[in-house]
Amino acid sequence: MFKTIFYTAATAMAVLTSSVPAFAQESSLGSGDTAWILTATALVLFMTLPGLALFYAGLVRAQNVVSVLMNCFAIACVMSIVWLIAGYSIAFGDGGSGNLVWGGLGKSFLSGVSFDTLSGSIPESLFFTFQMTFAIITPALIVGAFVERIQFSFVIIFSVFWVLLVYAPVVHWVWGGGFLADKGVIDFAGGIVVHVTAGVSALVLAIMLGSRKGFPNDLQPPHNPGMTMIGAAMLWVGWFGFNGGSALAADGSAGMAMTVTHISAAAGAIAWSSVELMLYRKASLIGAVTGMVAGLATITPASGSVGPVGGLILGLAGGVLCFTVTQMVKKKFNIDDSLDVFAVHGVGGALGTLLAAIFVTTSLGGVGLAEGQTVASQLGVQAYGVLAVVIWAALITWILVKVLSTFVRFRVSEDDEEQGLDLAMHGERGYHNL
Amino acid sequence: MKMVMAIIKPFKLDEVRDALTDLGLQGLTATEVKGFGRQKGHTEIYRGAEYEVSYLPKVKVEVVIEDHLTDQVVETITKTANTDKIGDGKIFVTEVYSALRIRTGETGSDAI
Amino acid sequence: MFKTIFYTAATAMAVLTSSVPAFAQESSLGSGDTAWILTATALVLFMTLPGLALFYAGLVRAQNVVSVLMNCFAIACVMSIVWLIAGYSIAFGDGGSGNLVWGGLGKSFLSGVSFDTLSGSIPESLFFTFQMTFAIITPALIVGAFVERIQFSFVIIFSVFWVLLVYAPVVHWVWGGGFLADKGVIDFAGGIVVHVTAGVSALVLAIMLGSRKGFPNDLQPPHNPGMTMIGAAMLWVGWFGFNGGSALAADGSAGMAMTVTHISAAAGAIAWSSVELMLYRKASLIGAVTGMVAGLATITPASGSVGPVGGLILGLAGGVLCFTVTQMVKKKFNIDDSLDVFAVHGVGGALGTLLAAIFVTTSLGGVGLAEGQTVASQLGVQAYGVLAVVIWAALITWILVKVLSTFVRFRVSEDDEEQGLDLAMHGERGYHNL
Amino acid sequence: MFKTIFYTAATAMAVLTSSVPAFAQESSLGSGDTAWILTATALVLFMTLPGLALFYAGLVRAQNVVSVLMNCFAIACVMSIVWLIAGYSIAFGDGGSGNLVWGGLGKSFLSGVSFDTLSGSIPESLFFTFQMTFAIITPALIVGAFVERIQFSFVIIFSVFWVLLVYAPVVHWVWGGGFLADKGVIDFAGGIVVHVTAGVSALVLAIMLGSRKGFPNDLQPPHNPGMTMIGAAMLWVGWFGFNGGSALAADGSAGMAMTVTHISAAAGAIAWSSVELMLYRKASLIGAVTGMVAGLATITPASGSVGPVGGLILGLAGGVLCFTVTQMVKKKFNIDDSLDVFAVHGVGGALGTLLAAIFVTTSLGGVGLAEGQTVASQLGVQAYGVLAVVIWAALITWILVKVLSTFVRFRVSEDDEEQGLDLAMHGERGYHNL
Amino acid sequence: MKMVMAIIKPFKLDEVRDALTDLGLQGLTATEVKGFGRQKGHTEIYRGAEYEVSYLPKVKVEVVIEDHLTDQVVETITKTANTDKIGDGKIFVTEVYSALRIRTGETGSDAI
Amino acid sequence: MKMVMAIIKPFKLDEVRDALTDLGLQGLTATEVKGFGRQKGHTEIYRGAEYEVSYLPKVKVEVVIEDHLTDQVVETITKTANTDKIGDGKIFVTEVYSALRIRTGETGSDAI
């Protein structure tokens, strides 16, 4: 995130950073910045646990609620250790001659990082943990694609490899000084890194796994829309840490990132609800909160670049487009990407990445293009970045599923699917109300 | 003895119970059920996908009475549970062979 | 908020601000202050989403849970955009010659506010967003008055006008340099601005809308007290951002605001529970958390002025008085202000505003009266402020309902009320547990 | 917390504090530090309300859900006032000649603490409130021992005395300059102070109160594992404030504390789930989140001393040991410590306290032992600290129960236990879904 | 065949089931119901407003048996479900015309 | 008239209802019940403690029909609800003395 800014918008940033004197010397700790990133880290963890977990769990049958919560929780635990062992190093290490593609293993187990090692104006231990929360939520987003029918052990094993082979390298490319950073791709908080990677891999997984029994006409409705709304609300609040924290400082950039994030979330919800009102004459709670997530995914890559009006437009565009693609995936392509990960995150993230090239311009209220870039050239860079990552994520996911499913069961038995994964996979039931 | 089993709209339960109490009946048992009938369920739409909910929430009232009260009870329920709209429900009457109060061991009409 | 302090308690504040050197020069960004307000903004949004939404949703029938959540969520989205378009400008713009009554439209769409524009020691974009979260929760508070019987579209349309005509102007009067600020009204975090406006308008709406079918003797009990408690807990936590954040700095004022806020919440809960114990021999969870909210509403206007003992007394007073008024509204006046918005917020906010004049004195542990004020004179000012806002809020609400209800349906049909608003308004059901 | 560090690891800390210049002069407010502790305070309150409350409430019968929530909520309220009246003073006052054992009553009602009084680089009002949140969660932890059968009034009265006689004195011994601080005990965030005190007292209470009807073979399963998971997730997020905030600054120590806390939580969950997988071939959600709490309790005392690898090992050790003890308490000793407070908190806290002596060494990535200490000598000090507190907590709890139960009913009637405490104690029911 | 339908207190279900199993019965069906009877419900008070909850949670046990077992089954349930307190419930016996096991198509006493 | 009461596996409800509709039946009532039978429940383990869950979720279908349809209805349910696995459930038939539609007051076969 901040590295991207250095590469792409150095001039524009000069204005901002002028108010943060500590930045110049790099070596002194900023306690205000540190305070904010400590908080932001808590907020981003909160997005997954329990935010995303609830958001997803409310949308499935009551017999799969434990399973969805457990997927998110287990991913959070295992990915944390994976991030410590190798993920962080691959993403943010110094890859030497191979630095354009990965960061090497020199920082495994945080080797060389002590209490007083800094990363910019914050402790590197903190930067590590902040980034870890991103490495948690990204594979957790994919859960939405395969709920109600996947084998639990497959989820965990797949996620480990996915974080190491898809997520961490892409982080390096975009934020760690890799080839996309080099090109000048704008991705402030993870439109490409988080949402496109997760969205595309989700789609591939959904296709390979096959639909749930009963899809598309005979499914049971979301068992608890209120649970989904609680999760969505936590996602919204946590996203302040996600986008605002990506400034890695408590400054005007963080403030404006929070502002545009909020506006885009609201606009996304309004857009989605408006479409529902037109089509069905009723605005649903699940629709509104889905639109909100679409707005948030869309603003994410652009949240360090655009102004409030940019946020408004991105949110509206994200809400409408994601709704449309949701319909297409289900009805046209007949793919059971069960909780619409691709349509909401993949599409929203890509859309925001492209629109960032336009709304970054100062005339539209943004921070301005990097020196030497035009809207067209920046758009090209953005499209290149999205495309490269789409191909990589799809390819590796496909290979991973092919290979891993020869060792580990991929899909549960029909009986287990019918009975629900809570009992079948975890020996628990979600509700015992007598 | 007879058991009168009525399937009614949930919000009518309180009125029905009050009316039966007024008749002097001392007890009944109610169960939440799902009704399928001429009155149709509804469709819910989530993220553009349609979900048919074909049943309607109903309440089943079961009350065991002495034979001679049957008509009166059926009539009372009919009157009270009626809203003149589809889905008001049904009343079925069946024969009860014997009744017993667990606490006291009383049987027959003393038991109900 | 901070402006009030300048107007009313400049001398007392000198002590506090001395530890925040950045304050003097106004033009340099304080990263510690910014870090705290970024956090506080997240906390206040969290109060509404999902805090207040859950607090209210647990108190209604299971068939209206989605409806209540949706009311709060939709208000949050729409008011955000309204705040961007005009609300913020009306509240905090420079109204020129009309500045005593409103701030004009010069700041619409944050015109003129860029990444590095400051407001005090924090970015103005952040101040805007922090204030936006207040503009969200205030109309959302009113929801408690009309649950289970109002038409959804009316809620949204009414709220838009209400924020523009009631909330934003009152913010200007008290915090934006308007005539109440001029008078020296003390309202640190919104006793008048938030709680009195919402409480009074709620009462008017409840009267005009009429009671729920079955009120007062045949209603169903709150369908999920645990949900209400979760929401209440989030309100408590979030209120730290609400009151502590109103210091607009990370300093002793924020610290003490948090302390007295906490004490008052605890005291309010204890007071309410004690009354219940005396009357019914049982202390209920819903009672305890309602008392907590009463304590919080009461301390809000005074939270920048009083010390810990002041907090304790305000909380106790709020708990007892709000309980009493709850009974009166329902039983004496037979008004179905369904979730007691007036009795808890309106009364608590007004009580705290008045008591602030007493407990602000240094002898009672407060920061001290502004120069030239006596307790009596300050009490007069406070009463004047409350009265002016009560009249304005009641009048405009009455007119709005009269006018809007000729265009938009106000109350749902009896059938829809019986069936519940979840299906009728949103086509969803809250619980599908088989 | 910070005082301990001064006593035990002054040399090691020198490195850390060098980046926080404000520390030296003690008298100037650090707005970054203040921002972080304001946040941390909100996070730790969030751990109890609603975190711990939900964590526990999901594990009981549906007929006791309100009761558990109410226990936690009422404890939070009452302990806040107790802390204001005397607890804080006993813990952090200046006890004069008796300072080795308690802090006296000089700071009752925060006497002498005004808006601008500092404690280190933060306002003392804030330090008071931050510590209050610890004084809330510690007695709330004990709730897990006696759910589903205890008289509500006993809980409250017992907790008041317990905080005054067990908790506050132990805080003074370890963090307030008492005899354990003097010895050089390492307890960064409360392994001894919080977890050992609560765990031991819980065990004593569980034994004295007797088992629930049906224990051990005829109990009903946890009524809502998802609720428990939500609470656990909030505990995890809040624990960042608990351990990270115990640095009392926004610096490298806070950053590393957060890092090791997170790693240990993840490792604890993985350890517990692995044991379950081996024993039962299924990993449960409740198991995973319990392991997480075990990992968190274990790292707590060591979170200011160890590095990431230390965090990993402590988490794994905590997960396995706490699982084992959970089985022993129930199956071997037949004690109905219903929600495993002793096995998870008591044992985890003690384990971490002991292991801190080993993993504090620089060769294992820690901050280093205090001058003059060896691993063996430090281990002796740690064991001494644990032992002293175990004896004190057990003894006082035993006496308190003996004495109080002659005045207040201790256990509910069999009928009330059968019917559930929600109706019997609070006149409420948790779920009304028709 | 007969169907014995017993309304009992929820926490007695396990004991009743065990007792019937001891008699050699292999199956039964239980339903959560709301009971209205001599035993009264309770009042809940929220924010000072009173809510009458007029029913009590009960469990309805339905077990189909061969005719000759009727007395034994009724007796067993009576003994097991008894707490000597009001609200212990009732036992009703009705006639069953035929029975069938879906899996095998067996009918009559083989089916139960 | 007869009441056919079938205890079936929950996920079979939709199929059974469709099959009965195809026979021309216009209504039925379904209840969630707990089944105890030859098919055993399961054990849940929480923190190492074992909890026996001895029942299985089943659905009870109650449909009142004219006498002459009895065999056909029983057969249809048998066929549709069958999965050839233990726990498929039972069908019991009882006599119904009278039926009435609340909305119209119609009785007998007009009422169902």
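All chains are identified by letter, namely A, B, C, D, E and F, in their written order; residue positions are counted from 1 within each chain.
In this text, a residue touches a chain if its C-beta (ideal position, glycine included) is under 8 Å from a C-beta of that chain, and two chains touch if they have at least 3 such contacts.
Note that the coordinates shown come from a computational prediction; the quantities given were computed from them, not determined experimentally.
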From the listed D-E, A-B or B-C, the one duplicating D-F with over half its contact pairs the same is A-B
Matching the CA atoms of subunit A with those of subunit D requires turning by an angle in degrees, to the nearest 5, of 120
The distance between the C-alpha centres of subunit B and subunit D, rounded to whole Å, is 53
Taking each chain's mean CA coordinate, subunit A and subunit F are separated, in whole Å, by 47
For subunit E, residue numbers touching 2 or more other chains are 14, 31-32, 44-46, 53, 94-95
Touching at least 2 other chains, the residues of subunit C are 30-33, 35-36, 39, 220-222, 225, 250, 280, 282, 284, 286, 427-429, 431, 433-434
Per the touch rule, the subunit A residues reaching subunit F in their complex are 218, 418, 423, 427-429
Listed in rising order, the residues of subunit B that touch subunit F in the complex are 2, 6-8, 31-38, 54-55, 58, 60, 74, 77-78, 81-95
As the complex stands, subunit D meets subunit A at residues 15-16, 18-20, 22, 30-33, 35-36, 39, 43, 62, 220-226, 229-230, 232-234, 236-237, 240-241, 244, 249-256, 258-259, 262-263, 265-267, 269-270, 273, 280, 282-286, 288-289, 292, 307-309, 312, 367, 431, 433
Residue set of subunit B touching subunit E in the complex reads 1, 3, 14, 17, 26-31, 64, 94-103, 105, 111-112
Listed in rising order, the residues of subunit B that touch subunit A in the complex are 44-51, 53
